[in-house]
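There are two complexes below, and they share chain A, which is joined by chain B in the first and by chain C in the second.
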Partner chain A sequence: MKRTQKNLKRPLLALLAVLLLSVPLIFSGFPYAILICCFILLYVIAVSGLDIVFGYCGQISMGHAAFFAIGAYGSCLLHDYCGIPIMLTMVIAAVLAASVGAVIAYPASKLVFHFLSLATLSFGEIVYQIISHSPGGITNNFVGYYTESINFFGLTLDTYPRFYYYALGCAVLFLTAKQMLVNSQVGRAFIAIRENHHAADGMGVNVRKYKVIAFAVSAFYTAFAGAMYAHLVRYISPDTFMQKQSVMFLTMLLFGGTASLAGPICGVTVVMLLNELLRSAERYQMFIYGILLLAVIVLIPGGIYGTVEKAIKNVFRRKKEATKDAAG
Partner chain B sequence: MLQVKDVTLSFGGLVAVNHVSMEVRDGSITGLIGPNGAGKTTFFNIASGVYTPDSGEIIFDGKNITGKRCFQINEAGISRTYQVINLFKKMTVLENVLVGMHSRIKSKFFASLLHLPSQRAEEKELRKKAMKLLEFVGLEKQANDEAGSLSYGQQRLLEIVRGMASDPKLLLLDEPAAGMNSRENDELMVLLKKIAAMGISILIIEHDMNLMMNLCDYIYVLNYGKLLAEGKPAQIQQNPDVIAAYLGGE
Partner chain C sequence: MFWQLLISGLVIGSVYGLIALGYSLIYKASGLLTFAQGDLLTLGAFLGVTFFTVLKLPFVVSLVLAVGFGFAVGMLIEKFIIRRLLNKKVLIIYVVLSTIALSYIIQNGTMLAFGTKTKYFPAIFSISRIKLGSIYVQMESVVCILVSLACMLILHLFMSKTKLGTAMRAASMDRVAAEARGINVSLTTGLTWGLAAGFAALGGMLIGPVYGVYTTLGATIGKKASASAVSGGYGNMYGAIVGGLLLGIIETLVAGFLSSEYKDMISYIILLLFLFLRPTGIFNERALQD
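Let's turn to the complex of A and B:
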């Protein structure tokens, strides 16, 4: 059984790689579709970040739009005011967001559930207020801020296909790092905290330290995605970083399924495509998100990927039992 | 090994643990008994760092560990199990044991992120050791099952091996036999004796008198937060105060 699974895995992965690499060719006459794929990739990074703190470590965050904003504004401002190349400012902004995340998480690590969601909610609101009423108007407040494309070692990523390949590279890098992290003792400590933080503490896990690490790593991911967003669209305004963005990250994550590699990917893809289909009904967007979120929580608590995974496992188990029965 | 000197802890007006002193000797199995609500579990929670005592000292291995946090006490070499099963239910049996080893892991954050060769080698060693521990209690076949899917008795065993995973010098067991049938009880006794023979001292809370009398080298009796009696099992059985506390009467 295992062998057939393994034999299937390689060609499937190769097929997926070819498919992903040829997206700009498939949609060569339809740049808007490539743009949507770029968004999907950067949201996958952002939502995977949220998954680290929420899915694995079990700490809810209602304020991840704040990290998205720190990444976006941080990268743009650092580039314009300090003249640092964008490739670097994206990383610096993400490190900055990680530090902010750690500072927030240190006191917040004492809070659980609804208190933590309130604290993170207000953190999101604080950052929103700062970027929309910035000191000296450095963020241009509600007018919005114009910025440039990424200069990738001399190549300007100013077309959608170019940005797409860059984003694909970043997504692969970030998702690989996420898998490596969660499959180490750090990831085990995260899950242990989610499952039972008293027992984790008793077993030698420094709960506060690991909650801080989870928040910091998560902030790094989401902030980097925010910087990608800024340099893809080349224009950012506080509208993008309102509370509803945080809710959208959570919707995407819960929709796809938490604590997995594929969950955020499924969730982001489905929600983004729905988003496009519902363009004409933009006014009802939040309403529809709300209903979707409710439906997922009530009907498929494991999210799309979680449910599919379970179904596949059940099929395999039944097959195994059937062969066993036949043999016996 | 463990010396508790005159420890007191009160919750509001209730004195849960009242000037209690006791000692666990190297390699011994020490019992802690008393009627419900006598303060046994509270005492465990003080020793393992969940609560900080209002007064008194706890010395472990010559070091003062009073007021240290849970994870620091685990690092110092005291591990524990819980009265209510406190496993990481959605993790596999093996992963539960691996979390138990947490305080002994040397790899740091970036080594784990990048899966450096040193980290991979360590991880391999850990898994080997964890499997050995599971074999020790006969859970090796369930290594990749979810901990929550184990039977009640197996979950109790897993709690014990998870506690042993950090190579503790002292293991605190809070009612490990609760809900076990008599056969499982006998197996547990054999297992605990084996653990003690490995050089791990044990401090155990249990209501099953038969088990305690056969297992323990020394027993302390708590009643209403106070130390009522102490001594060898035979002495405890004869102690009129203890009999009165258990059977009622003045």
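Let's turn to the complex of A and C:
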């Protein structure tokens, strides 16, 4: 059984790679679809970041839109005011967000679930207030801020297919890094904290240190995605970074399923497609969205990927039992 | 100037107190956070304004009807959503997220049902304002402060003097022991959610005549009220009221004397400061840390 699964894996992966690489060709006459794919890729990075802190380390964050905002505004402002190339400002902004995340996580690490969610929520609100009432108006407040495309070693990523390949590369890079992180000693410490932080403490895991690390790494991911968003759309305004966005990240994660590689990918794709479908009924969009969210929570609390995975496992187990019975 | 600001601080503060009271009641009874309180306030305000202006009911009757409706909605939410999720033993985050979904539904539902225009209560009282010392105060503000304080007093008497109130406190202290003593815990939990929603609707009815009624009225108030619940001591009824009044006064005074630019930030900063420095709040409610 295992061998057949493994044999299947490689061709499937190759097929997936070919499919992903040929997206711009498939949708060549339909740039809007490529734009959606770009959004999906950058949200996958953001939500994977949230997955590190929530799925693996078990710490809730209701304020990830703040990191998204720090990445987006940080990159734009650094580029315009200091003249640093965008490729660099994206990383600098993400590092900045990671340090902000660490600073917030240090005192917040002693809070239990409910109060951590309140603390992160108010952090998100504070960042929103700062970017919408910025000192000296450097973020243009509610008017919004215009910025430029990424210059990738001389190649300007100003078309959707170009950006798509860049985003695909980034997503592969970030997801590989995430897999390496969660399979390392640090990742095991995260999971130990999630399962039982008293026991983790007893086993010599420095709980506070790892919570701070989880928040910082998570902030780095989300902020980088925010910078990608800014330079893809080339316009940012405070509306994008409201609490709604934080809830959207959480929804994407929980729709897909936590603590897995594929969960965030599934969740982001499903929620993005849903949003696009609902776009035609703009007046009812948030209303329907709320009902769908509630329905998913009440009906399939394991998330889509989690539920499908469970179902497949059940089918396999039944088959196994059937063969066993036949043999016996 | 100072007294004028103090009065408007007390007005919004008493509404924060009502919402925070709901947070504390729910936290005590179910150990949960809810994000739907603020939008229940909006719903209450819209229902009240409809009863009052369209159906031409007297103000007191519309208030009672709106609060009663809020109470029913709260109980239904507990019975059909929260209880079902808890029975499935899902992670707490899903319950919290379900209240966020509810808040979206209520907020956008009111927008669809009542429109996006701000609705105003017509003059409710024959005297529009009264003189207090050297300043004139809007009658609506006086009613808002007095009614919310009266309701808090009634809640205090209900919780401490009646059999049902005692049963509710017992159930929130120890579920199993309360059940063993013959208390219907599922009823008291439902009642608590109903009470919290009723208080939210009451807050909407009281703040509506002062601020006007619009769909995002409750969303901000609801989020800020969590700061008052935390600063008073999350889960403490009296802490919620004191925290609410304090927050309202501080916010209004800072906006009036320092800068109105960062008015909306103050409550969140207070919330963070309390969480990081004194998570047990003013009333030293039992430790909320790991």
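To be clear about the criterion, the second predicted complex is superposed on the first by the 326 of 328 C-alpha atoms of A that agree within 3 Å, B and C clash if a C-alpha of one lies under 4 Å from a C-alpha of the other, contacts with A are read in each partner's own complex, and residues count from 1 in each chain.
In this text, contacts are C-beta pairs under 8 Å (C-beta built on N, C-alpha and C of every residue); 3 or more make two chains touch, one makes a residue touch a chain.
Just so it is clear, the model here is predicted, and its values are computed rather than measured.
Of the two partner chains, chain C is the only one that A:Leu254 touches; chain B does not reach it.
Applying the stated contact rule after C-alpha superposition, one finds that A:Ala177 touches chain B and leaves chain C untouched. Contacts of A:Asp158 after superposition on the shared chain: neither chain B nor chain C is touched.
In the superposed pair of complexes, A:Glu195 makes contact with chain B only, with no contact to chain C. If you count the residues of chain A touched by chain B and by chain C, you find the higher number for C. Looking at the shared chain after the overlay, A:Lys110 reaches chain C, while chain B stays out of its contact range. When the shared chain is aligned, chain B comes close enough to touch A:Gln185, but chain C does not.
Of the two partner chains, chain B is the only one that A:Asn206 touches; chain C does not reach it. In the superposition on chain A, none of the residues of chain A is touched both by chain B in one structure and by chain C in the other. Every residue of chain B that touches chain A in the complex is listed here, in rising order: 48, 50, 69-71, 74-75, 79-80, 82, 86-91, 95, 98-100, 102-105, 107, 109, 112-115, 119, 123, 162-163, 165-166. Interface of chain A with chain C (complex): residues 54, 60, 107-108, 110-115, 117-119, 121-123, 125-126, 129-130, 133, 197, 243, 247, 250-251, 254, 283-284, 286-287, 289-291, 293-294, 297-298, 301.
If you check the complex, the residues on chain C that touch chain A are 27, 32-33, 81, 84-85, 88, 90-94, 96-98, 100-105, 107-109, 111-112, 223, 226-227, 230, 234, 261-262, 264-265, 267-269, 271-272, 275-276, 279, 288-290.
Within the complex, the chain A residues that touch chain B are 177, 180-181, 183-189, 191-192, 195-196, 198-207, 213.
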